[in-house]
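The following pair of complexes shares a single chain, subunit A, combined with subunit B in the former and subunit C in the latter.
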Partner chain A sequence: MTTPSIVVKGLHVTRQGQEVLSDLNFQVAAGEVFALLGGNGAGKSTTLLTCIGMLKPSAGSVTICGHSAADEPEAVRRSLAYLSETASLYEHLSARENLRYFLELAGTKPDPVAIEQALDTVSLQADARDRRSAGFSKGMRQKVAIALALLRKTPVLLLDEPTSGLDPVAVEEFNRLLITLCQRDVAILMVTHDLFGACEVSSRIGLLRDGHLVNQFEASRDVNGKLIHVDVNEVKRSFAGREAA
Partner chain B sequence: MSLIRNIQREARFVGANRTTLAACLALAIMCLLAIVLGQAEISRQNDTLERTLSQSRVELGEVFDAATDYGGAAYSGFSLTYNAPAEAAFLAIGQRDLSPWMLRIRALALEGQIHESDNFNPELSLAGRFDYAFVIAFVLPLFIIVLLYDVYAAERDAGRVAMLTATAARPGRVWLARVLVLASGAALACLLPLWLLGLVFGAGAGNLLSVTAVVLANVVFWTLVTCALAFGRWAASVNAAVLTGIWLVLALLVPLAGKIMIDRTVPGVDGARISLLQRETVNGAWDLPKAATMEPFYASHPEWAHSAPIDEPFHWKWYYAFQQMGDEAAEPLSRAYREAIRERDALTGQVAWLSPPVAVLRAIQNIAETDMASALEYEMRIRDYHAQIRHFFYPLLFEEVPFERKNLEGFPVFSAR
Partner chain C sequence: MTAILHIARGEWQHMLRTRLAVTIIVMLLALIAVAAASSAQQLVSESQTREAYQREAEATFRSQPARHPHRMVHYGHYVFRTPAPLAVIDPGVDPFTGRSIFLEGHRRNTAAFAEARETSVLTRLGVVSPAFALQVVAPLLLILLGFTSVVRERERGTLLQLIAQGVPARALVLGKAAAIGSVAALASLPLLIGVMWLSIRHPTEALPALLVFAGHATYLGFWVLLITVVSALASKARSALITLIIVWAATTILMPRIAADVAATAVTSQTQTEMDILVQRDMRVVGDSHNINDPGFRSFQDQVLEEYGVDRIEDLPVNYRGLVSLQGEAEGSAVMNQYAAELHATQRRQATIINLFAIASPYLAVRNLSMRSAGTDLINHQRFLDAAEAQRFELIQQINTVHANEVLFADDSARSVDHESEQRTRVSGDFWHRLQDFNFTPQPASDRLLAALPLGVVLALWLLAATVLIRRVARKAGEA
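Coming up: the complex of A and B.
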């Protein structure tokens, strides 16, 4: 593993008097997709919110590209892009206008040529780019959000349930985009329910239950360096076994 | 990123939202309409004044020309008093809907003349007036609520708060800039029509600056109230319901409770009672010996005590003496009436501390000089002028100066402010 872009160390997070994350430890390196898999209430979204500085750890730390999420939130936010489950865009703005708005929000000067290239990369239809995003499908909204991540050139991407509600074709396109981002050395932390999707794109999978990371699985590479996916059945067995326990 | 750049970005963002623009446009149109309607009413009052004033002068001249004695000239000679609208009166019609702003008076007892219109049905006090002050006091808060109630909750419900937080270097500035832009939109929608039409209608820069300060204070107050809820944990629909409730309490319930409290604390004097007492005294004097009028009159006005005794069955100086005695009999009640109005007005001022819409209404009426103080000041000017008329005629009547038309030339003229 190269130098980790995301380091979560001994993380404890308490919300409304209840410990949601307990002694969570993992790292994500540049060019790697780490999927946190777990059921409802396992602490997946809490992990992401702590990474972007919206929640403060009660103990432990989150470090993004060498910056502490708790102490250097501005530096951390400059280093990451976040894609929410709903991939909500502003409906009164077009795809291009949304990108311009969020780029300005991030303090990046919008470059029209770069915006076109990013929209080309995510394959958003040309006729949709100037249309108000009110009628966009979730897949289209996600493409715009990924385009934003590409434009911001952040070394870290956080994804919250990115494939929920997507049709199989859209999932395939989305996975292709993730691979593109990995090739650009982006470290991706993805939280998801989707076991199959996670196994398909992730370099590593962590199994999260009741705020604890209970198991990790790592994809291997063949002699040609090609990724051999994590075995779905292995993860399923582990998940089922823990569930039974 | 500087706050200015945040504001520029949010201004472009808000400017692209048709719903927000439509709300601001609707508010601006309401302000324009309110100012135009206010100006139409003030123009109507000015036209009436101008017409009546010139007619009144002609009529008074005709009465004096036809007069054969001073008493008859004083009896038939009506003079117009008026409370000319101040230059910003079109912004708040205020008491000009409820209290007289024009009154023809003559040398007879004054109290009945002042209070004769008190029993008119004050239907306008129920309906209220759609003027600029009304829009700013009662409508503007609703627009601010509409613009801001979901400024945060809508983002949270759409799942964008985390994305905004993760994207903006300093998320607090994003919210601050957005709130500033939206509140400024509401303020501009009110202030642009004010300055545009205010200058055209000659309101005066000083008045416009004062009204601008009131508008901005109102915008700041309702923005803070709305944001206090909008950035809480409640859903947007709950925010809207609670904020509407707050508006109802501050704009309707507090003023209503205040009025009930004021009515109980300071019941006030019925103007018709003053009129009745004065007329009873005047009418009763016809049946009394003249000495019953003249002795107390000379006692309170010793400067005329040397006047020749009255031998005739009727003499104008006796007639005007019992008119004055009628006023003096009603004076305690009249003073109590004015004191009650002042006290009620002062209590309303205290209620305004609990009801910002009432405070805003009063502040703009004060600038427009259409408040209760202005109405009372006009009443006092009527009293002063009536005293001048009496002082003009009394030497002619009590000294029994032979009638000559030229002696009426110095008849006092009511001076406008």
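Coming up: the complex of A and C.
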């Protein structure tokens, strides 16, 4: 494993008097997809919000590319791209305009050629690029959001339930994009309750329950270095067993 | 700073691409521009009309033929108030208080021909001054334009997206405020142009005009910040809109009425009818100056006879009837002035109470600041009434003096039965040329500025409170 881009160490987070995360520990290295799997209320979104620096830990720490999320949130945010569940875009702007706007706000000068390349990479249809994003499907919005991450060249990508509401073709396209990002050494932390999707694309999977990381699974690689997916049934058994317990 | 400008530009882009926002901006600008243009046109024509009427009334009075002086006392004369230059921005109480007064003997008439009473109900509702547009309508339109500014980002998930990519929450909130503020600035532009134009035409009005502009700019600035704060605090756009509409209605519709009711309850004043009855009662004590034998003037008669050293009024070197008229007018005026002074003092106390409500309503602060600076408030109306009364008293006493000095007592006593005597009681029309021009001037600019200053401080405090609030909210907006 290379130097971890995301380090979560002994993390405790309390919200409205309730401990939502308890002694959470994991790391995500560059080029790795770590999926945090869990049901509703397990603490998945809280983990992401803490990584962004929008929630302060009551104990422990989150470090992104060497910066503490609690103490240096702005430096952390410069290092990451965040893709929300809804893949929100400005509906009155086109795909290109959305990218330009977000890039300007990130302090990056928008380069039209680079924007076209990024949109090519994410395979957004040419006729959709100048259309207002109000009519975009979630898959199309996600493509624009991934294009933004590519353009910003951030070393870390945080994904919140990225495949929920996507059709199988869109999921496949999305997974292909994640692999592209991994090949560019982006560390990806994905929170999801989609067991199959997580197993399909993740290098490692962590099972999150009631704020605790209860189990971790690692994908192996074959002799050619190709990822051998995490066994869905193994994760399912562990998940079911923990539920029963 | 760059992020704030980017956010502001983004918000402008959103406004321009949203039909509702474009409609609101166009409506706002059109309303202000139309209000300014129609108000300016109305004021110019009003000024010309009133000046023309004033000169005509003066010419009519001066051109009267030889008459008995007391007939001229009852013939009377009109004085008109020329609108203050800044009435083009804020007509204040002018449309409701009347613009002319009929000056005659024995009576202190109140102002008549109020615009609001003369026009039809529909026209009355249709008249919008720039001050009204900026004080009442502009905040409402700014609310409709800006209530979603921040909460929209939260509802659609772009807020988290922006914060997560390192856009400071402060820049986001201030950028939104800057965008709404730029629309408010655009809406204030006709006012600024008007203020500059007025300052060139009437240099003495430059400072009050500037204060009127500064007051409105501060007031709109307060609304811009409040709209952004509420939008940033709300979890749903609908709740932001409801909150802001409630604040708008409470401060601009409800509070002025509450303030007026509290003022009327705390400082009770007589109605015009009640006051008229009391004046008549006291005037009866003074006596009827048309009747030289009225018991009210018995001691005056003794005093006059003693002063001139004669035993009978017929032996006086002056016309006793004229003297009684002079005395009756002086005593009657004193009675009427006393009641008027009490009424004015009551109204001023009520106005002070209403001003105190500026602490609870920025609308009241800007409304009263604007009227005071413009010279269109109650104080200036009272000043007009007093100036007209001074003119009336001067005119009537001049005529009464002519009556005393130029008409023989014998002729005066016999004029109703003897035609020749009656002819001799008519004094030359040349006397009516002594009528002085009526030139009412509003309170000096320095006095108006001084009076408006406390309201300016209250408005500044409202803006300061909103600034403190937005700083706190901007810090919180970046937290989950």
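Definition applied: the second predicted complex is superposed on the first by the 245 of 245 C-alpha atoms of A that agree within 3 Å, B and C clash if a C-alpha of one lies under 4 Å from a C-alpha of the other, contacts with A are read in each partner's own complex, and residues count from 1 in each chain.
Note that in this section a residue touches a chain if its C-beta (ideal position, glycine included) is under 8 Å from a C-beta of that chain, and two chains touch if they have at least 3 such contacts.
For clarity, every value in this text was computed on a predicted model and none was experimentally measured.
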item: Touching partner for A:201 - first (subunit B), second (subunit C), both, neither; value: neither
item: Touched partner set for A:62, first subunit B, second subunit C, both or neither; value: neither
item: Partner chain in contact with A:171 - subunit B first, subunit C second, else both or neither; value: neither
item: Subunit A residues contacted in one complex by subunit B, in the other by subunit C; value: 49, 52, 54, 74, 77-78, 80-82, 84-86, 88, 90, 92-93, 101-102, 104-107, 158
item: Contact set on subunit B toward subunit A in their complex; value: 1, 5, 9, 12-13, 16-19, 158-170, 174
item: Contact footprint of subunit A on subunit C as seen in their complex; value: 2-3, 6-7, 10, 13-14, 17-18, 156-158, 160-168, 478-480
item: Contact footprint of subunit B on subunit A as seen in their complex; value: 48-49, 52-54, 74, 77-78, 80-86, 88, 90, 92-93, 97, 101-102, 104-107, 145, 148, 158, 160
item: Residue numbers on subunit A that touch subunit C, as the complex places them; value: 49, 52, 54-55, 73-74, 77-78, 80-82, 84-86, 88-93, 101-102, 104-107, 152, 158
